[in-house]
Amino acid sequence: MSTETAVDVVMPQMGVSVSEGTITKWLKSEGDQVEADEPLLEISTDKVDTEVPSPATGTLTQIVVQEGETVEVGAKLAQIGGTGSAEPAEAAPAEEAPASATAQAAAESAAASGAEGETPAPEPVAEAPSAAPAPAGDGAADGKSFVSPVVARIASEHGVDPAQVQGTGRGGRVTKKDILGFIEQGAPAAAPEAPPTPPEREPAPTPPAPPPPAPAAEPAVPQPVGAAEGEQFEPMNAMRRGIAEHMRRSLDTAAHVTSAIEVDMSKVVAIRKKLKPEYQKAYGINVTYLAFVARATVETLRDYPWINGEIRGEQIVTRNYVNLGFAVELADGKGLIVPVLKHAEGLNLLGIARGVVDIAQRARDKKLSPDDVQGGTFTITNPGGYGTFHGTPVISQPQAAILGTYAVVKRPWVIEDDRGEDVIAIRPIMNLTLTYDHRLVDGALAGRFLRDLREKLQTWDESAY
Amino acid sequence: MAIREAEPLGSLSEVREAGLDREDLLGIYRNMLVTRGIEERGHILYKQGKIPGSFYTGRGNEASSVGVATALGPDDVGTPLHRDMGVHVTRGVEPWRIFAQYMGRYDGPTHGRDGNVHMADANLGLIAMVSHLPAMLPVAVGCALAFRIRGQDRVAVGWYGEGASARGDTHEAMNFAGVRRLPVVFVCDNNQWAYSTPTHLEYACEHLADRAQGYGFDGVVVDGTDVLAVYREAKRAIEKARNGGGPTLIESLTLRMEGHAVHDDAFYVPKEMFEQWAKSDPIERFRTWLQEHAELTGDEEDGITAGVKKLLNDALSRAEESPLPDPAKLTEGVFATQEDLDTPHHK
Amino acid sequence: MSEKTYLQAISDGLREEMRRDQRVFVIGEDVGVYGGAFKVTLGFQEEFGAWRVIDAPLSETAIVGGCTGAAIMGMRPVAEMQFADFISCAWDQLVTVAAKQRWRAGTPVPITVRLPSGGGFSGGPFHSQNPESSFAHIPGLKVICPATPEDAKGLLASAIQDPNPCLYFEHKHLYRRIKAEVPDERYETPFGKARVHQEGDDLTVITWGAMVYTAEEAAAQLDGDGVSVEILDLRTLIPWDKQAVLESARKTSKVLVLHEDTHTGGFGGEIAATIAEEAFEDLDAPVKRITAPDSPVPFSPPLEKAFIPQVDDVVAGLRDLAEY
């Protein structure tokens, strides 16, 4: 086969236990034309000396390993075709963007309902095994007492301190029976008596109780107190813990400030009315206000790279691409996920509408991959699904800002008529908020961004978008 | 119950008596070319780094493997080994699957789970070999046992090498087969070398076929480079077994013309041995015979050669497109299900 | 229902399979004319003929390899090793060919190998072993260890119909000692489902084969102490009923694994490790194992008694666990 793309010549494995080979003689030189299967070079290994035939037809553009050199099996010896120089630069790895903003319902936006995809666990925090609850005062001479795994679990589930429980196990150990019996009886027992067993008898296994079962980290919490009258307990699941951690960390990291602007959406409404049946018929998708806002946002971000940027150490990172995250609520309000539409800068309105529909569908079908929820550079959230007109979302770290969209509400609005006079009209008005990290983005910049975004939405240019 | 040395087949009429016509002969020739072509191609692929693991061929054994396989009936079964690619080819395994198997691709008969020629298409009556040789001999005997119990006139053929003959499996298999007069034929590929071990360090009798007498059946020594002689002896033995005459041991003499595997350059084989045996290259011999006795023309020959070349080129291209197997499916199929039994995996 | 010994249940079950399925045949040493070393196949050759009850030469490799080939050709062979200990002669055929053929080449190998196993009667090192764990370790083989006559019959029927190589360990010491009710009709007992030999709340014993009865006797003594012992008879090791084991472990939180096979590398290690991995937080005591020690099976009675776990050993182990 003739090749223009590069084909590597590699050191073959001449036998199962052979791990390297030595080039004894090159039969061809750089620049020579070679045919597939034609002998290129001779090698020597522990097992045998042999020729290596060319894997392709083309020019021997580069010899990498010289005569006399020994390399490992599989190492590149030479190249046929291609340019014979450096490899293409690696794309910068996308940053991790774990679960983020406090989005609530996504109503009109294409966001999913009923999706119960998993958030990737937030950055793993070193696990500190929580220490066993305080040593029991059960009479062991050195004050230590072993709590078995099942006793530890039952104790933590019920908020009971094993030290309060009378132990009948070896060495005065609190057994499963003991703690279950204790819980059944309700009130704490009287002060435990010293058991009759010899005090120096150590329980054979070593003390520390195991770490809790959850995969996410468990920060140190105050000792659980028993349930009071009318209270119920339910454990926090991994996603909730992840969200809690992220929200706290985001607020502690960024200097959150929010600016708001009102947008007259009448032009968008009109265009959408026109496009909606068209898109439904031709592409089978529903185009939403969110798609319009997203498209205008991506366009505006071109002029405001810091708002699409990030603080990394002492550097400010900006990009020539926009990976747009959309906050999606999960079923029963049990959590949220932020799938990312990659390279949104290359999509027009149709492309973005499609992308949003696809993401929502996959979130609904629980088909999001870890890649789908990483690498975002800017996020849009729609807290307005339930009719609210304002909010202050939390930025998704390590991004610099998050755009909130709210309900489109028909309002009496002052406009100028053709004669230049003020009149009142009914206009569909949407509030937009930009919550930004004031360490990087100043109020003026945010204001200008919102002004430009509004401009684009109010004067929507169909041909451009 | 003595051993015999087989005489070569002289003429076309003798061949007809043995049940082959001219078309059959050209088919045999073609199968030998395909066999060698696959293995030569495999060597190149291996050195290009496209075949993982190790690589074994049976250069010099084409007549022996194709000859025996040609004598098998359609419902007969066999357990060929790594020098017996000709058996797979003759029974109809598609070359592209063989290349895919070599390269560990999904479309090989074992879907990448085993390599080399550790493969077989059960629908063609072949059972996949293992490395512990000759563990397949008791299995071949077991097939014959099933035929005997059910009263079917089918025959099993078990292959082994002169090296493997030193292991107990050979003894137990042959003994059992002889005691019960089972319809099985044992074919010993005696290619003079077991890796670097010559025959005099593997066995102490003059011919391995001598041992047949010890098990109560006949042995025959045949020139393994003479495909027609091999065919005739195999046919005799197979039909004898089919008719209730019990087992036969065929010792087929060849020289292993390459190393034990591609990583072995066989330095321990005296050059003169290679030179001597090269003179009776099985394919060359048969081509000459066809020219002399069956009027093989230059055009016919070219046509066959070109056809084989195209077949193998197409096969290789197709195999290279076969995907690598999916690691996620690694532990599937460790245990068989009832459905596996219901799909025709055997005849 | 009829009352049968463990051996009768096996024999009757095998006979029934051979009557209903012409593909089934028996092959082994002395199984034909002699009726088998333990008389499991007494009368079989008279009924089924010499080509379905085959007296093989002294050739475990040829027997097992022969079964493999015949199974590939569509039959359902049942091989008898005269003693389970001789299975090592056929190791290669089982492990190299039979175990791997389905996975590797898509070809099922539906063979059954019957293995009279276990000690307790001065059989010595080569007539008393329980070589179950080495085979449990090889992917592709199934390992079956019935304890009751009812299970012996049902598990044998399942083994013969199973499309995989099945190693059926019939405990010699149970052959005539154990008698119980066995259904008259044909039934197949599923693999991978443990049987609750007796229910309990305080301790769990996981065991199989002859040790089920040792556990039962020991548990009766703990009953007197007011400790209630649950006994789970695994019935099959590959596949094994992980779910039932974990459920019982979670219920009592104190587990003893008991087997007659030797300690290191015995199947009890697999069970204990699994409980530790998956029910760690339900344990109120470490998982204990009571097994034979790491030596060949001795001959002289006092030695053999020290080797095979006795009722007293199990009682002591259970008491220890109860007090923990």
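Letters A, B and C mark the chains in the order given here, with residues in each chain numbered from 1 onward.
The working rule: a residue touches a chain if its C-beta (ideal position, glycine included) is under 8 Å from a C-beta of that chain, and two chains touch if they have at least 3 such contacts.
Just so we're clear, the structure is a prediction, and the values are computed from it rather than from any experiment.
Taking the mean of each chain's C-alpha atoms, the chain closest to the overall C-alpha centroid is C. When the C-beta contacts at B-C and at A-C are tallied, the pair with the greater total is B-C.
For the pair chain A and chain B, the distance between C-alpha centroids works out to 57 Å. Inter-chain centre distance (chain B to chain C, centres taken as mean C-alpha positions): 41 Å. Our note on geometry: chain A versus chain C, Cα centroid distance of 51 Å, whole angstroms. Within chain C, not a single residue touches two or more of the remaining chains. For chain A, no residue reaches two or more other chains under the stated contact definition. In the complex of the two chains, the chain A residues touching chain B come out as 10-16, 18, 37, 45, 47-55, 74. Chain B meets chain C in the complex at residues 77, 109-110, 113-114, 118-120, 122, 127-128, 130-132, 135-150, 156, 168-169, 172-173, 175-176, 179, 331, 333-338, 340-341, 345-346. The part of chain C that touches chain B in the complex is made up of residues 25, 51-52, 54, 56-57, 59, 61-62, 64-75, 77, 92-93, 96-97, 100-110, 139-140, 142, 163-164.
Taken in their complex, chain B has these residues touching chain A: 44, 46-50, 52-54, 259, 261-265. Residues 148-153, 169-170, 173, 175-176, 205, 210, 213 of chain A are the ones that touch chain C when the two sit in their complex.
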